[in-house]
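Each in structure tokens, the structures are laid out below.
One chain, subunit A, links the two complexes that follow: it is found with subunit B in the first and with subunit C in the second.
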Partner chain A sequence: MENLQELALDILEAACETDEVREDPDLDLFEAGLIDSLASVVVLLELEKRTGVKLQPTDLEREDITTVNNFVKFLEKKVG
Partner chain B sequence: MWLLDELMKRADSEETAVIHREETITFRQLWEYSDVLAGYMKEKCRTKAPVVIYGNKETEITLLMLAALKSGRAYVPLDITFPASRVETIMGDVENELLFNFTKEELHLPENCDCIGKEELRGIIGAGSRTAAGPDDYVGDEDNCYILFTSGSTGKPKGVQIKKRNIVNFTSWFSGTCELSPGKQVVLNQVSYSFDVSVIPLYIYLAMGKTLFSIDKEMLDNTRLLFDYLKDSHIAAWVSTPAFLEICSFDDSFDDGMLPELENIILAGEVLTKKLVRTLHQKFKNAKVVNGYGPTEGTVLLSACEITDEMLDDEESLPIGRILSDGEYQIVKEDGEQAAPGETGELVVVSDSISKGYFKNPEQTEKVFFDSADGRRGYRTGDLVFEKGGLLYYVARKDTQVKLNGFRIELNDISSNLNDLELVNNSVALPAYRDGRVSYLAAFVVLERRPEGLSDLKIGIELKKQLKERIPSYMVPRKVIILEKFPMNINGKIDRKKLTEEYL
Partner chain C sequence: MVFSQYGSIFSVILFTVFLFPAVALNLCGKRIKYYGMLLNIPMLILLLGFHSIQMLQFVVFIVCEFILIYGYFFLHNRIRGNGFYFFVLAASMIPIIAIKLCVYTPYPFNMLGFVGVSYISFRIWQLIIEIHDGHIEKLNFLDTFYFVTFFPTLSSGPIDRYHRFLADLDKSPAKSEYLEDCLLNGLGRIVKGMVYKFGFAFIINEYIMLRLPEEHTVWSTIIYMYAYTLYLFFDFAGYSHFAVGTSYILGIKAPENFDKPFLAHNMKEFWDRWHMSLSQWFGDYIYKRFVLNTLRKGIFKNRKTASRCGNMVTMLVMGIWHGPYLYYILYGLYEGAALVVTDIYLKSKTFRTFKKKKYYDILSRVVCFHVIAFGMLLFSGYMFSF
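Showing the complex of A and B:
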């Protein structure tokens, strides 16, 4: 569980290119302007790089990366 | 080839002209409904001021564009990424008598301007028109057809005026490249109408009698929804920025299994990488890839070429093509001398595709446009290029304009809008590059005062929120970095290089 939290943060930090994602796990990253739909591809690339799990853009909905907590839940389903 | 002439020939055709989701419209309807709306504009407006259209990819926008042309006036397409305040600024310049608003934004209108919403528009179409607009009313060669507002370095957008002669010059050159095999019919219509690459589907493919397949913003944000529509689309020609196609290509299922009829891929708006072209060649074995280049001031494209295997193997980056058929160009070095082959300089182009200039802005027009000896218009692009074997190669910008996902952005447009915010003392916007392309924008800010109890993150978010009310969302920097003071270089200017090295 803890590992997935850390994994989620690492991936989102890489995709948003800022450690600001660590401050608040419920912050709406789209609204905060830290992530955009283009970044979803980077999220998938980072996920594959770190876990070897290759997912498709169609597997990842906008909702899944809206907050850190949402992304942790997504990882629990797909990786955990 | 001129759009209205070609559509007139199809005024009775029951073939599909535009598809958007479950909605379709035939060429006959396109012609009739735009006639009604042209009559409405003629009746309603006392001047020939352009009409403003604020929306996304609604099918009615196509009707309105045609109606404007038929009533002898230009249209100003503003995408929903534009915030209300910028739309208001632009309307103040345009002095439009009609605003067609497809959004829920409540706008402050110029004097004598009516706002028509989507429902009202449908009512007007349904009611028919008493006044007819005939060929005598249509825009002439020297009349503006559209005005596109692009980012300006002063913080105020510049309106690029494009007249009928410009468009006809562009389409007569580029339509050959767009040709499709017999029986191929559907063309992607994805690019925002505020961005002139969208002229290719409209003024070339629709004029050829092809069917436009429209993609709206919600479909762009949801890959699964997008692919559901694409797989049954029969798309044969794809027109977009490399960035959009790259996202699609990341999915394994996006290939000639999903788009078996695809044979023409036209990319423009930003640097095209070899990596993407190689991926496309693998995914779509029967499609050619065309790279195009051109600023809005030169009507969509000033050069283009098909990317060959030879170009992919060459040590140079991919070329931006050969200059358009009527175009004459020079590559001018910093010292004002002509560049020798292989030497880099600013691309200066003379062609009938070159705009007459910026709308109501003689000062900015004077800076970059000129008249050539033969009476044609010339434009200093600000793009640094070199020539090799008849092909042009892009190197960099001369100034602080950047391209982000195909969007053209003046960095000073961002910083001057930031500086107008109450919390901000001074700011600098800079691009972060990854793999030779702009990955995102960052703003460095020195605060006027620090709001109590707020972290840098929260201040950054607040500044972004305020900025979003002033400039298009794609221009809002992803990162806001708060500094105590700016590092200075030996000339006493803000040291941008140091900021880039340290933070980006």
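Showing the complex of A and C:
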């Protein structure tokens, strides 16, 4: 669980190119302007690089990366 | 007699009256699903005609595409490699390419085409791609047919997603939930659509656009640009209100198409607010896949370059999809370039300082509106018709 939390933060930090994602796990990343469609693709690439899980863009819904907590839940389903 | 979908107050009322049995069914605690499927048939006949060339093309098209979809569904696991996938995708695109290009052929071949072929194709391609991605394990014929030919959104969307549609289809909302969420909301949307399309759009067209002098001057072009931008919004958002409202009453919560587009601060935000179901479709199935695959294969080393090329490719495809005319290609290039410039702007220091200014909201909205309006002017073809 803790590992997934760290993995989620690492991936989102790489995708959003800022450590602001670490501040609040319930922050709406879209509203905060930290994440966009390019970042959502980078999330997939980073996930693939770190875990070997190869996904398609439609596997990752907007809600899955809206907050850090949502992304942790997504990782639990796909990786955990 | 063939009806243009939501083209007149009479056709909207007629289409709405046919929804009453759906309301009655829900209130009696029964499912709407099968009534919707049954209603779809006469509605398709109203939209396409019965003994018409349009209907004939529609039937041939649907039969061929369903053979492709089912053929691919049963065989995709047995055939390795992506060759078969690309073959099926290419084959499914033949009708739409033929229909778009037939404008250059002599009569009667240039009459090829039928209502909704573009939007039906979006749903078909989505099915093929989702089968390829392994997202579809079961393909129920009636459900899939209803999804592909769902009449409320037949002619111009919104473009729904397969799994979302099926989830709504199998839901049977409780009476109180249905009354508030689906019926009242749906009827409200239909009324709103009337005001938008037969009120605002009609007035702009009748009293501004049609009264412009035949000869195009700088002034007439400027007036046309503003008028057409507003006209297109009210006409299309009006249509979308009808389509979404009708879907809701049938228990299908079709996705939204518009979210106050002229309040956008930049072009990236604009596409999150304008014709959203189409831009999300292009985002998921073209832009993101282009960026993902080019970065995966190392064609681009830099994610920004991949994204900007993705923007250009996506918008160019979107432009050409409207038709094989020069002004649509220019429109696509313009919108692609606008996105690239927006991306550079959003990542600049200037933007970060500008964002904190008091006049940021109003100034960026005014500038963005003009970038939008010039795009619409290109799209209208007004500058290319003399």
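Here is the rule we use: the second predicted complex is superposed on the first by the 80 of 80 C-alpha atoms of A that agree within 3 Å, B and C clash if a C-alpha of one lies under 4 Å from a C-alpha of the other, contacts with A are read in each partner's own complex, and residues count from 1 in each chain.
Here is the rule we use: a residue touches a chain if its C-beta (ideal position, glycine included) is under 8 Å from a C-beta of that chain, and two chains touch if they have at least 3 such contacts.
As the structure is a computational prediction, the values presented were derived from the model and not from experiment.
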Touching partner for A:16 - first (subunit B), second (subunit C), both, neither: first
Broader residue contact with subunit A after superposition on the shared chain, subunit B or subunit C: B
First, second, both or neither for A:37, with subunit B first and subunit C second: both
Touching both subunit C and subunit B, counted on subunit A across the two superposed complexes: 36-38, 40-41, 44, 56-58
Touch list for subunit B against partner subunit A, complex: 220-224, 227, 243, 246-247, 250-253, 405, 432, 439-440, 455, 457, 460-461, 464, 468, 476-479
Subunit C-facing residues of subunit A, complex: 36-38, 40-42, 44-45, 48, 56-59
Subunit B-touching residues of subunit A, taken from the complex the two chains share: 16-18, 20, 23-24, 32-38, 40-41, 44, 56-58, 60-62
Complex contact set, residues of subunit C against subunit A: 129-130, 133, 135, 268, 283-285, 287-289, 291-292, 295-296, 303-304, 307
